[in-house]
Structure formats: C-alpha cells, structure tokens
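Consider the two complexes below, in which chain A is the common component and chain B and chain C are the respective partners.
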Partner chain A sequence: MSIKRETIKKISHEIVDQVVEDELLERFKSCYGCGTCSGGCPSGRRTAMRTREIIRQAIVGLTDELLTSDLLWLCSTCYTCYERCPRDVPTTDIIIKLRNIAAHKGFLRGPHIAVCKFLINTGHGVPLDHEKNPNWMNLRKSLKLAPIPPTVHSFPEALKEVQTIIKELKFDELIGYGEEVQKEMAKKDKEMAPKKIQVLEEQLKKLKSEVEKK
Partner chain B sequence: MTASAPAKDIVRDYDLYLGCVAPNRYPQIEAATQLVFQKLGITLHDMKGASCCPAPGVFRGFDIPTWLAIAARNITIAEQDKRDAVIMCNGCYGTLLEANHIMKTEPERRKATNDVLAKVNREFRGTVRMRHIIEVLYNDVGVPAVADLCVNPLRGIKAAVHYGCHLLKPSETRPWGKDERPTFFDELVEATGAESVDYKDKYMCCGAGGGVRTAVKEVSLDFTREKLVNIKEAGADIIVDCCPFCHLQFDLGQVEVKQIFQQEFTIPVIYYTQLLGLAMGLSPYELGLLPAADKPAGTSPFISTKPFMDKVLSNMK
Partner chain C sequence: MTSETVSTGPSQGAGAPGPEPKVGVFLCHCGINIAGVINMDKLEAYAKTLPNVVKVVQYKFMCSDIGQNLIKDDIKNGVVNRVVVAACSPRMHEPTFRKVLKAADMNQFLFEQANIREHNSWVHMNQQDKALEIAQDHVRIAVAKASNLEPLDVMTVKVKPEALVIGAGVAGINVAKDLANQNFKTYLVEKSLTIGGHMAQLDKTFPTMDCSACIITPEMAAVGQHPNIQIISNAEVTDISGYVGNFHVTINKKPHYVDQDKCNSCGGCVDICPVITENEFDEGMKERKAIYIPFPQAIPNKYTIDIDHCIQCGLCKSVCEPHAIDFDDKPKKIELDVGTIIAATGYDAYDPTKYSPYGFGRFENVITGLQMERELSSFGPTMGKPVRPSDGKAPHSIAFLQCVGSRNCQPGMHAYCSRVCCMYAMKQARQYKEKHPEADIYVLYMDIRAFGKGYEEFYEIAAREYGITFIRGRASEIYENPANKNVIIRSEDTLLKRPVELEVEMVVLSVGIEPRADIQNLSRMIGVAQTADGFLMEAHPKLRPVDTLSDGIFVAGAVQGPKDIPDAVAQAKGAASAAASLMARGEVEIEPYFSVINQAACSRCLSCIDLCPYGAIGFDKLGDKVTINEAQCKGCGTCAAACPCGAISQNHFRERQIFAMIDTAIVANGR
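And then the complex of A and B:
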C-alpha cells in the first residue's frame, strides 16, 4: 500500500498519542522516513512487511488499516532496525506498542491466543505437558534431571501467584475478548464468502467479455 | 586477562533461571549447563517457582504491563534468594534484563508493578542482576580459563556460530557495547578447539522470535532455511547456539523446512554448554549428545548429533 497525499488529508494523532504516552517512545515523531529500518529487516526480505511503512501509517493515523494488518505480526523483534536507526527511533519497541494497541482492540491471532492460554493455565508458554504426554518428562529422567523442573510446574502456589497477577491486570479478559472477536470475524468471513465468490465471478465474467470483445 | 589466570574472585553462586523451552523440550541444555558450571566451580541453585519469563514476542506484544509484572515476579525470586540469576535463553534474557532495567530506572512503572506484586506478597527491590551464561563465561571466567579446562580439544570441527538477537540487542542494556559483528561467542567456541567458520548473514535472526513462529510458521522457517543454506555453504559440521528457542528453530526447524520447502538439511545443532562439556571431557550421554538407552522416542533432538560425535572421535584417533 502506498500512502498518497489524498490518503493523509485528514491526519489523526490517535495512535501517536497512545504510543508517546510512554515517554521513552517519544522519538517516534522524529522519523524522517529514510528506510534504514526496512533495508536491514530480515522479515521484509521475504514478506511484504515494511517497517518504514508501519511507522508512517501510525504517524499519519491510518488506524484500522494498520491495526488489523497481518504485517504488524511479521516482525521477529530482532532489533536490527532499532540499532541502525539514524534518528534513534525505538522502531521495534514501537511495533510492540502497536501490537498492544491492536490486541486491546481485539485484533489477536488465533495461535497467539493458544500460547496465552498455556501461560494462563500452566504458567509456561511451552509447558511440560506431563499429564497428557509423559515423553518430555521421561526425557528429563533419561538425562538424570528431576522429572518435573523446579518451576511453577512443581509449586502450585507459585502458579497461583502468576494467575493472580494475570487476573489483576485483566490479561485473561484481554485474551477472552480477542477470542470473541476472532469468532465474530470467522463468522463474518463465512457469511461473506458466498458474496465474495459472487463478486469475483461477476468480475471474471466482465473480464472474459472484455477479452472476447478485443 | 593474562593467559590461564585461574578464575579469581568471581561470583560462585547463582540462581539458574530455566524458562520454558530448555526444561520442557530441550533438557539436554539444562543438564549440560549444570554439569559445565559444576566443573567451573560455580553452583547453580534452583530458582523455585519461576514461571515463563514471559516470552518477549507474544506476551510483551499483547500487554506490556502483564509482561512486566510476571517478569518482575520472577526477578523477586532471585532477590529473595539473594543471588543474581543466570539465564540460558536469549528470549528470557531479553525479558528479564529489560524488565530489571525498567523497574530499576522508571519509578512510576516500578510503583504500578509493585502495586500488582503486593497482591501476591512480593516487592521488587532492585537488588540483583540478570545475566546470560555466556556473559558469565566470557566476562567472569574468561576465555583462557575456559580453554584451560578443555582437556579434549575438538580439533577439526567446523562450527557455525549463531549468536541470536536478544543476546546482543538492544545494545544499550547489554554488556557488549554497540557492535554489529562481535566476536566474544566465537572466542568461547574456539576455546574448545573447534573452528568458528564465517558464513553469510551470520548475525541474522533465526526467525523464531516475535511471535512469528507461533503465528506464521512458514515465514519463520524461511528465515531458518536461508540461514541453513548459508551455513551449509560454509561447510560447517555443526551449528552452535546459546538460546534454546533458536536451538529448537534450527533442530526441529530442519524437519519442518524439509516438509514445507522440500529442502533437506542434517546439520547437528549443539548448545554451547554441550560443546564445552564435551571438550572438558564430560560424558556425551550426560550432555545429551548421544541418546541415553531410555530416551523416549519422538523427543529432541530431531536431527541426530551422532555424525558430530563420530567426527570428534575419529579426529581423536
């Protein structure tokens, strides 16, 4: 997507204001669009993600376009752009903040929700899962380690603490909310599918008749 | 440092922060790290009740205050133990180092986070350091002392060293300074007698982080595929890393790359303490470099490390 003059007639500072709430991210505004970030980006090398474009969209207030975009989630947070930015814009941290804003609007990805649920239920993003599958526990045993590591897995009261923090900050609600939006989006997709096909078929017909005319 | 100076007045007791991937998917890394530190005369204590760091990609990406509070809770465990923590994973290191930094330098966020921690009777005090094991090995123990302990030098082994991202960046909170091409990890690898081979885009990300592996696996594996191509081209025998998540991405990743891109690689992936332990003369079975008789099927590693062991043994003859 290119950002044309017509597109930015109405500049909104909604996102800028939210990002610079965090004073360390204030240098956001000093981006001059040189593209050093995109130049060194290992994700941009193979996908359509352009860090420069994301920062630009945020500054000119293309809220929905940016926050619903899959591209926002293709950054592997390697911090190459962050290190190289000649304006000291904390690029990676801004992408993380933008993801927070998107998540709070309910734009979460399904697999991310699954990992969050692991954290909420077990205290680990990647749990040992020994009740369902003893293999990993047995692998630990074969290496002469304690079958269950001395983490939250061994201390139920520690897991409670993590869950209390999660409840206190309403992280569980955030994830649940995301799930509802996901379901709604999937439902809408399903409803829209026949319509979309119809539109595509009409376009195809039109094209065919144009080709035949020529 | 003068040659072979014995590690002098260094800290000899740490809490070992485990994280998720090392204890729950690659326990070889945990076992090798414990064994190597024992050899070094440094005791690693259990950090009881620690949780996920939480992962900087997914959880920090969703809600920064939750990420900070859970990380700060983990740090308070080390504070209670009155010990600095050492960390085996670059992602955990990134989270705990930065959370520690934020809590120490930003009074408002510290207060807000401590208000939450009060609900679980904890308080962040800012009394401990969060360190990567590589930092302890390089900055405290030192390369000459590490080399001195390598009684079985791994000569003739070509290693593709992978630093990973969060070990190095953002550089302002890391102990290495701002350097796009550091050499400290290569020096530690070469202390074992192996040769660190140069390869294209050596400092590039493995692709796993930032929630990319979780949500868009094909994209993350394309990073990995590119690195594998470059590593193979350099003629490396093994990949050496210092992060269990990069480790998983390279090891399990080679199986997945074959499925998705029909490109086959069989390059053994070795965590640094496994390599060092072997050079120190520790048992390859205890280090997880050869499978124990009771190793369950379908568990890591997914790329056999036996060809590496064969080469090490034949080079010794």
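And then the complex of A and C:
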C-alpha cells in the first residue's frame, strides 16, 4: 500500500467530453455521487470494483489513473447500476465506452488480449478446444449429433470472413496482435508450452498433497 | 377601551372562591406519545386520591371530537366545575380545551393544563417509573391550582384598520400590496432611499432565470402609486408603544437635503457634482456622486444628498431649476397610529472579511456573491459582463465557494444553512457559462441544497448541460499567486478522498444570510424575541409561522430566517392575511391575565410604573391613583412581585393560586 496520495491540480473535461459525444451517454455529467451504483454492484461485493469512483474519476479528469486501472475491467456489465441510477446515468455503457477509450490508448488487460486472440485465431472468444478434450464430442455423438456444432468451427471459410472483418477494422492492431506479432506469439507459445505444463503439474501436485494432509 | 378603565378584579366571585370545587381530571394518551411512557392506569388511580377530584377519565386523544365530548358531557351533567387536562403543552391545546369549556357554558378560565408530554414523556422516555412520579406531581399541582381558579371575563379592544410595514423589500412590498388591496391604509417604512430591498440588486432569479428587476420594479411602481399605501423612505421607526389594535409609532425621517416634492429628477445636479464616492447599491463596485439616486428604477425616484460625503460646494444648488436643494433640511418626526405591525426588515449578507482563510479584502480576485450579482446585472458596474477586479478581464475560470459564514459553529459564524447560496451560486455559474461557454466553472460544496420547486432540476441541468464541475469539499484555505493574481484553492474531493489544489482566475464567495445588524433594536421595540440564530421568533414554527407572541405584530421574509424569494413572498402574503383578519374583524379578544390594583392598599410609591416593560401602568394625578391599562398589560407579573404593599395581583396567577401549587409541590411529596 502506498503512503502517498496524489493531489488533484487540474480538472480536465477531456474524457467526459469524449464520452458524451455519444448522445446516448449525454447524462454522464448528471452524476451526483450518491453511490447507488457501487452499493448494488455484484462485482463490487467481491472485488475492488467501485462504479461511483470510476464515474467520478472521469468527471474530474483523472484520465491516466482511470484508464490504466484494473477497476475499469472488473465490471461484469450486468447493468444493475444502470437500472438503479436515480439520475439516469447510463453507467454500464459509460464503463464500456471508457474501456474502448482505454483500449485505443493501449491499456488492455492480458486476459482480454487472450480472448481477443482466440477470436482472431478461431472465430470464437471461447473456442471448443476439442483436440485437447474430446469428451464432449463423444457425448454429442452418443446423442446422434454432429461431433462439432455448426458454428465457425465447422466452416473454415467463415473463419476467413471473421478474420477479414477484424483486419479491416484493425482490431488485431488495436489489441497489439497484428500478423507479425501473431506469428511471434505463436512461436513463443510453442516454446513456453512445456514449461507451462510443468508449472501446472507442480501446482497440481501441491494441491493434491494439501488435500491428502487434510 | 382606554387607560382610564380600571379593573378592580375579576368580574365574578371577586376574591371569594366559587362554589365547592369539583375537579375533573382528563388524562390524554396522545397516542403513544404519553401512554407509551407513562402508566396511565397508575396515574388515573393516583389522580382519584387527590383532594377535590370527583372524576378521572383517560382517553387516547383528548383533543379529538370524542375526547372533547367526554369533557363537555361531564360539565353539562354537573359532574365537574373545574377541568384539568393532563396532555401536551398548553401552547398547543389550551385554546382547544378553553373552547370546550365555553361550548359547555362554563367559564373558560376554570381550566388548567398539566404538560405531561413536552415536560415529561418526551424527555423521560427511558425512565418510565420516574416519568410516572413526575406526571403525578404535574397532575397534583394542576389540581391544586384548578381548585383555586376564579372565573374571568375576556375583554375586547378595537383594532384600527391601518397597518405599518417595516421594511420594503420583496416581502414588505407584498405585505403592503395585499393589505392595501383589501382597503387597509398601509404605511411602508423603508430605511434606505428606495424600496425594493436586496431583490432590486439581483440580476436574475433562480430557477426560472427571469430577470429580477423585471419582476420587482413593476411591483415597486405599483406600491408607489397605490392610493392606500404611503411610502416613508429614508426613515426609521424609533419607537412603538401601545398594544394590539392600537399601536402608536414614532418614525424618524432623515433629511434628503433635496425637497422631494420639488425635485423633478432631471439629473442636472448629478453631472455637476464634483464628489465621487462608493455606490452601496453596487456593493462598492461602482462610483456615484454625492447627490444621487441609488439606481435608475428607484422608488421614490428623487435625488438625495449624501451629506457625509457632500462638500457643500453649492454647485447643484446653482443648476437646480426647481430650486429643490435645501442644505438646511432637518430630520422629521412622524407619528402614526396603526392597528397591526408587520416586521419585514430582511437580512444582511455575511461579511467575509471576518473569515480570514478566504482572503476576502486581501486578494483582489475574491469577490462575494452579491458583488457577482451586480457584475452580472445589465445596469451594474460592468454592464452585465463580469470581469475580475485585478485586470478588468473576463476570467477563464471561476470557483464558487459555498457555505461562507453558514453551517459553521465557530464564533461569529452561523450554524444554520442560509438556504439560498447553493441556488444563487449555480445560477451565477450558469449565467457566466452562457456568456463564456469555454470557461471552467467549479462549485465547491458540502451538500447541494436544491429544495424548492424546480431547483433540483436546475442543479441537474447545471451539471449536465452547462458542464459546471461540482467538487464535494469545502475550501480549507485560499491564497494568491503573486505572479498573475490568480487564486489557488486548497480543498478535498471528498468523493474521491483526494486533496484538490486548483488555480482559478477568480473566486466567488457564496456568502450566507444573517440577521440585520440592528435586529436587536427591532426585537426590543416590537417586543418579539429572537431565536438562537438571531432572527425574529415566530409564534409557532409550524402552525403560526407569521404570527409572533406579541399580539398584532407579524413577521414576513428573511427577518424570521433565511428565505428565498418565493418563500419570502409566501410568508408576506400569509402575514398580510393574518393582519387583515385582525383588522377586518375590527376588534380582538385579549387575555384577562392583566394585573389589578387594590387602590385601598396602594401607597402611590409608583415603583411599578418604572418596572413595567410594556408601559402599561400610569399615574392619574387628578384621581390620585395608579392605573393599569389591561390591553397593554401582558401579564408578566413583574409589578405584582415588586409591589411593596402587596396591592397588585395578577389575574389567573393570584397569590392564593400560586401558593396552592407551591404547597402541594413541596409538602405532599409522600406519594
């Protein structure tokens, strides 16, 4: 824990102005800081997520702090706060918008990049991973279903379409996963794979021994 | 009724106790207010043991119709001839129960109320056993007094259908207008040169943003032209004597040094006058000449010489065509007789020089809300284009600091909320944003109190549409950047728990409302006490907000407490209505609690005359006797206590009655 506390010396409207460019988010500045959002936040029950704090940081223009913070990514977008806000501030949509701004500035979390990578490589945010785990395929077969569901997984040409769209939108570049990076990452992944397995196995061993002790 | 009428005692059964007292004790539960604390069955059992008590009844709400009928029936059936009600404060329901006695054809003064709610159950709710003991004391003492009560007659006095309104701001103007429209002759006394008060200084009004001058100046003109209203400006009330319906008022009209009848307001004198001094109307932000009108729409619209600054060069006299200048003008004494008086003297703005951390008076670019208001005004010192004092340029950033002088328990500050500052700061912020959309505007607040109709919406729009930044935190200190005269504010964003240090080009202190500096004089003159905050006290904070405990005297506007314009006008209309109902009836009943003199015992020492705070006692030399004016006497009892011969006694608080209470309070402690 830091014993320092930064003083606000300049109040910038830059980020608020950027958000309210979207007409649907126009009520942003109506926030009077009541805390209804944070009070009912299911994520905030377990995590450091503080919706009111995010909105307030944006209003006084603590831009860097806000956009680099983990807080922004702890929202599960359940829309509870959005429904309850007495000033009708579209909180969840603002958070999503702020995430977009953060992403464009290069502030993305590792796990999000990983999900995006899945999307680029497989057309799915949560791919089937059937090579590693065939059990569910057997289950489908036993129900007389096609082993792989009729999603992008079954249509390689659809995957190409997805990837074309992503490239057109420069989404791969946005998440720092352009073609070259992609290749490099794939290489690294391959190199790292045995090490990762080793680490996982060690963790598993540790857990098992703990369980046995108990 | 005049001071010659002398009462020698109660009209019936003087001195002698009436028929054998049969006291009925009526115990009120007041829902659970009383019964939730005090064991009413035990109290009933106890009351039954008291001397003279013939009947004890308990009921949930004695003040309700059913409760009242319980009392009425027992009186009509001859069961009781004295009534004790143990309930709330007599200030709440004594009038109610007196009416019950009256309706049952019994003298209404054979009634005593024991206050077992405010004086007992509400303050002892955690000590129920002891509360019961105290309730027993209360009831026993009340029964002792009731057993010794005498019937009294209510007197009536005539009410002169003319009113005096002190103060001609928006409240006073509305009182005068309403009374005059009901055909009551109304005198509107104003201390300054023009009527209109603070409202005339304001540019726009929240939350509708309509122009203050456009609202108040037609009102001022209407009052000025009204056949039933006589404006006495530049004048102060110096003395008030008399009593409800018959007040005698002395007014000191200060000299104008310009004949107000001859002056045709041509303004020739102003151009030639060589003296330049500060204009109070513009909060010292603009100059005026020594001969002047406070502002163009002033009413009365006649010139006056500020004799303190005038050098008496005589130039004005030389150009004045109607020969109105008169350096020998003298103060005039005006005497009036009126039936009712309405105090509407308004407020003073808090003087922030008294609060050093905000540097008002030291830092050039720190101004008050009223100064900002004048700057925003189209006929103000900057013609409606606010500038910062150090360089005369429009500031690119302004911070409004809230609660200056208010919500502060330090000495010289005010514990209360001034109620208008949040709104006027937001209004000024919005007005400035309209003129300079690029400017950064901050409001440093503790709580935003936007309580009125349309106010919260006004606040929301200020934040959302106007982009005014609200920072929740009170400014702790401010200092000046010597390089550019900017002002640096230190505070905290309490929503983020983060210190704030902001440099702005100008600071506006949202100063609060405080009682007029001379309110004590007014309070003494009209016999109306001040509340702890210094404002005048209303008779009841909820049910009698325009009345005072001095009959015939009413309050309107900020003299009673901080108020915005709609509230001040509402109270003004209420006060006018209350005063009118007194005057329309033409007569008023007064309490027969006055003192009476036993002429045979009086030694003519005259000591009572000096002691009487109401000037109700006089000495009739011809008749060689001391007389008490019953209407003027407020029944304070000072004379009765002081009379060395024991010749004075006070109705309803006679020695026999008081001693009966004391005896039973101290002797019969053996419950």
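Here, the second predicted complex is superposed on the first by the 161 of 214 C-alpha atoms of A that agree within 3 Å, B and C clash if a C-alpha of one lies under 4 Å from a C-alpha of the other, contacts with A are read in each partner's own complex, and residues count from 1 in each chain.
Operating definition for what follows: a residue touches a chain if its C-beta (ideal position, glycine included) is under 8 Å from a C-beta of that chain, and two chains touch if they have at least 3 such contacts.
Everything numeric in this text was worked out from a predicted model, so none of it was measured.
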{"item": "Which of chain B and chain C A:117 touches, first, second, both or neither", "value": "neither"}
{"item": "Which superposed partner A:32 touches (first chain B, second chain C, both, neither)", "value": "second"}
{"item": "Contact breadth on chain A, by residue count: chain C or chain B", "value": "B"}
{"item": "Partner chain(s) touched by A:13 [first = chain B, second = chain C, both, neither]", "value": "second"}
{"item": "Which superposed partner A:60 touches (first chain B, second chain C, both, neither)", "value": "second"}
{"item": "Contacts of A:105 with chain B and chain C, given as first, second, both or neither", "value": "neither"}
{"item": "Chain A contact footprint on chain C (complex, rising order)", "value": "440, 442, 448, 459-460, 463-464, 467, 469-472, 493, 495-503"}
{"item": "Contacting residues of chain B [partner chain A, same complex]", "value": "18, 20-21, 23-25, 27-28, 30-31, 46-52, 54-66, 69-70, 73, 116-117, 119-120, 122, 165-166, 169-171, 178, 180, 201, 204-205, 207-212, 214-216, 219-220, 222-223, 226, 286, 288, 292-300"}
{"item": "Touch list for chain A against partner chain C, complex", "value": "5-11, 13, 16, 26-33, 52-53, 56-57, 59-60, 62, 87"}
{"item": "Complex interface listing, chain A residues touching chain B", "value": "42-43, 46-47, 70, 73-80, 82-83, 90, 92, 96-97, 99-100, 103-104, 108-112, 114-116, 119, 123-129, 134-136, 138-145, 149-152, 154-155, 157-162, 164-166, 168-169, 171, 174-175"}
